[in-house]
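In structure tokens below, several structures.
Each of the two complexes below includes chain A, the first together with chain B, the second together with chain C.
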Partner chain A sequence: MSVEIRGLNVTIGGHAGSARGGSGRDGSGRDGSGNAVVRDVDLTVGDGERVGLIGSSGSGKSMIAKSMLGLLPRGARATGSIDLGGTEVIGASDRTLADLRGRYVGVVFQNPGTSLNPVSTVAKQIELPLRLHYDLTASERRDRVMAMLDKVGLTADMAGKYPHELSGGQQQRVGIATALITSPKLIVADEPTTALDSIIQRQIVDLLVSLVDDAGASMLFITHDFSVLARATTRCYVIDDGRVAEEGATADLLASPGTPVARELVGSARRLTLSAVGSPAVSSTVSSDRGGAR
Partner chain B sequence: MRFLAHRLLLFVAALFGVSVLVFVALRILPGDVAAVMAGTAATPDRIAALRTQFGLDRPLITQYLDWVGGLLHGDLGTSALTGRAVVAQVGQRASLTFPLIILSLFIALLIGLPLGCASVLANGRRMRGFLHVLAIVGGAVPALWSGLLLILLFSRGTGLIGIFPSQGFPSEGWHNPGRALSSLVLPAVATGIVAGAGIMRYTRAAVGDVMDGGAIDMAMACGMTRTQAVLRVGLRLATPQLVSVAGLTFAQMITGVMVVESLFALPGLGALLIGDVGNRDLIAVQSELFLLAAFFLLLGLVIDLIHRALDPRLKAADATGTDAGDGTTGSAASKGGE
Partner chain C sequence: MESEGIGRVFAALRALWRRGSGRYALIVLGLWIAVAIVSLFWTPQPLLATDGYHVWAQPSAAHPLGTDGTGADVLSWLMAGSRTNLVIAVLTVICSGALGLLLVGLMVSRSAGLASTTVAVVDALISIPTVLIALLLTVPFGASVGVIVGACSIAYGLNLARIARPSAMLAARSDYVESALAGGASGWYAFTRHVVPNIMPVLTVQLTISAGTSVLAEAGLTYLGVGVGAGVPSWGHSLSTSVKLINVFPLTVVWPGLVVTLAVVALNLLGDAFNSAMDEGSL
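And then the complex of A and B:
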């Protein structure tokens, strides 16, 4: 599924009401209509393309994703145009957006520990999009859930477990399974590895990339870590203060970042993680999280 | 099972504590129980006779064991005033008060839950403000005043629209359920409005807290609309808190409905307790206080069990706490590499 964003602006507060969380910028550019957290953003994702959004915390990248999904917090307002596979998202009804989400657009959240329903078992969580969008029998849903559990590297006995009984990496695998169970055409991954340690980060990114490529879906991958972005995407946008600061092929940006913010992000990634990626200890990491629930 | 056994053990221990507290409180307070029961004009002979009649001349431990033994067999003693068994008196009054409380709570939930959810879902500032004011006003209206208003509006005979009886309870009790129920409607609405406003505020707060978590966004990302996510996920996740609030409201109503019972001339538990205290029927008061305390404890136990059934994380927390010593819990995932 292709994505075309033109002139996207997101404001929080002002006449639309008070903010209820959100990306948490400290809001320069306040005017009568609230704090502008995303400003005049143009962005495209082609069919089957893996595109990254990178920026420091509070730069507005998550707000761009939330705008695409119709999940902006109360009090936030988006203007401009967001075209998801021919459907205009800005101004669309709650029903239209709900029909898109889960069916054509899968979402992987940053912190599965808080986003997974704590009173739903793994199987019920993963089958929720199927229940909402497809008229399947219980056994058909069960079969699909079991197949998906296997795909994401979880054992069948985890189907009956609750999120708190799983480790962080296993929870994120459940999140990925939930996002992919309906074979959506677009995956929006909003910092899916931030809450994980570096070894599990790599496993999760590799899993996500392989599943997305196998499904022929597009992916918008949001992160503040270039080392993760390098594995997950082929093209990326650098977001700074709510604006697109730079865009281009991920490999090129990594090799020669053109803007100060991109240079800073690349430098940080090199100093903290990139040197470790090639080390034998990390390279030999296997998918050791099958089974072993808490 | 271990949790249940532990909670039941605590329940029994608390019951024992309450029984001692009630018994001792009525004995160590200044004044002779028999003298208090006999009244200020009683002769010493009359006081002595009463003391013998109710076994108050026996050692305290014997009296206590006798009383507790009776409780275990369902014998709460005999009222000094009416000569009737206390259990029969309490049973008769409870058959009015408990249906009244249940009906009041039902009305309160009917008002509070939908309006609480509507407060969370309301997009416009004006609507949110209106619902906020509604909750404050509803909670501030005294049940006595709303009861009077309901009598003026809906009572047979004096009301603007005479639909429901406003005074008394049918003498045949629940043998005619329709009549009995209709006599409870106005008092239940009067109590339910106040309690409903409270439940509305709690619902708004509890569901609002859940909205700030990620589970709602996740539900919406799976394909729910915001309304569906609030009603199907938000309300479900807030249910343990709301069960606690409903339980507390229920407990408060046992004594809270006394005013409304008095206004609508309903012979409920509150009137019985006040009458027995006023008439110095201390043997009856002793058993009635114990029953009330036992009911509150039972309510707490039931709420605990419901919480556990509703939230699987509590089981894990209990298991971790119980098994922390043997190291078998909570380490498997880390051993697995994630």
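And then the complex of A and C:
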């Protein structure tokens, strides 16, 4: 599924029209009638393309993702245009958005520990989009859940477990399974590795990329870590203070970042990678988190 | 799926039984339900049987708890009254729970206007006492069990909404609800399937307290003349008919008073036992 975002503005606590006026003198983006958190963003994702959205914390990355899903927090307002495979999201009805979400767009969240319902079993969480969008029998849903568990590297006995019985990596695999159970055409991964350690990060990114490629889906991968982005995407946008600061092929941006914010993010990623490689303790602890619940 | 549900009920009962307060509550509630069922088929004396020669009689073999001012058997009326009070308690829990959840759902809705309006309405209405609601309902409907259930449901539903709102707000703003919405769930679906199960501890405790308070409310409202209709057996009715001569025949007041106290304490302790069992993760 292709994504085409044109002139997207998101403001919190005011009218979006005023957001075009730019930020206040303090650089906070606050003006007289609201706080502009996303400003005049243009972004495209082609069919089957894996595109990254990178920026420091609070730069507005997640707000762009939430705008795409029609899940902006209360008091936030988006203007501009977001076209998801021919459907205009801004101004769409709740029914249209609910039909789009889960069926055509899957979302992987940042913190798997909090994005899974603590009182639902793994199987119930994964089958939710199926239950909502498809008229399947219980046994058909169960078969699909079991197949999906296998795909994401979890054993069948995980189906009856609750989130607190799983490790962080296992929880994120459940999150990925939930996002992919309906074979959506677009995956929005909102910092899916931030809450995980570096080894599990790599496993999750590789899993996500292989599943997305196998399904022929597009992916918008949001992160603040260039080392993760390089593994997950081919093209990326650097977001700074709600604006697109730079865009291009991920490899090119990593080799020669053009803006100060991109240079800072690349520099941080290199320092982290070097320290990880230099530590024998880290390099010797590579293991799979398959099975072995907490 | 059904056996899983039955298994959960038994697990919950076991968790409650392990606690002293839970054990007391289960025994009293079990007795209450058993007596209510038995009274459908049998009471020591027919309810309408009166003995004008033995009014305010002391306990005897024929009348184990004595008789009241009309010569009716106190035990028979208390047994039959347990049915009425059980119905009032169950209906109050169901109706106040439904009203409370509806209001909580509106208060945590994504529509800021709807949410703030509901909060304002709840805050305004919660100041109206149960007795006044019952009096207002009695005007068009007359004194009846329905009026007690209606008054208790409105008052306790509002209270439930106010108490459950903070927990519901936390759940409604949680990542797992956003995850459900991102999966295509509607706001109402996310509320009923994701928010409500996560605020069950608050709901359970509050609803058991509501059940207990409905027993007290029935007694109070019936005493004031806006409770169950005349001739309908209830614990409040037994109290109100005997309380006028409490100084002369105190024993006839003691029995219904004792039953009301035992039931209310049992329901409150059940709430406490639920709470501690859920805190420990036993439920």
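Note that in this section the second predicted complex is superposed on the first by the 266 of 294 C-alpha atoms of A that agree within 3 Å, B and C clash if a C-alpha of one lies under 4 Å from a C-alpha of the other, contacts with A are read in each partner's own complex, and residues count from 1 in each chain.
Following the convention adopted for this analysis, a residue touches a chain if its C-beta (ideal position, glycine included) is under 8 Å from a C-beta of that chain, and two chains touch if they have at least 3 such contacts.
Since this is a predicted model, take the numbers as computed values, not measurements.
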item	value
Clash-or-fit label for the pair chain B, chain C on chain A	clash
Contacts of A:165 with chain B and chain C, given as first, second, both or neither	first
Partner chain(s) touched by A:185 [first = chain B, second = chain C, both, neither]	neither
Touched partner set for A:115, first chain B, second chain C, both or neither	both
Which of chain B and chain C A:98 touches, first, second, both or neither	both
Chain B versus chain C as contact partner of A:200, first or second or both or neither	first
Comparison of chain B and chain C by chain A residues contacted	B
When the two complexes are fitted on chain A, the stretch of chain B hitting chain C, from 41-49, 59-67 or 239-247	239-247
Intersection of the chain A residues that touch chain B with those that touch chain C	69, 71, 74, 94, 98-99, 101-103, 107, 109, 111, 114-119, 128-129, 132-133, 175, 178
Chain A contact footprint on chain B (complex, rising order)	123, 125, 211-215, 217-228, 233, 236-237, 310-313, 316, 329-338
Chain A residues within the chain B interface of the complex	17, 20-21, 69-71, 74, 94-95, 97-99, 101-103, 106-107, 109, 111, 114-119, 128-129, 132-133, 162, 164-170, 175, 178-179, 199-200, 288-294
Residues of chain A that touch chain C when the two form their complex	69, 71, 74-75, 94, 98-103, 105, 107, 109-111, 114-120, 128-129, 132-133, 175, 178
Residue ranges of chain C touching chain A (in the complex, touch as defined)	110, 112, 174-176, 178-187, 189, 194, 197-198, 200
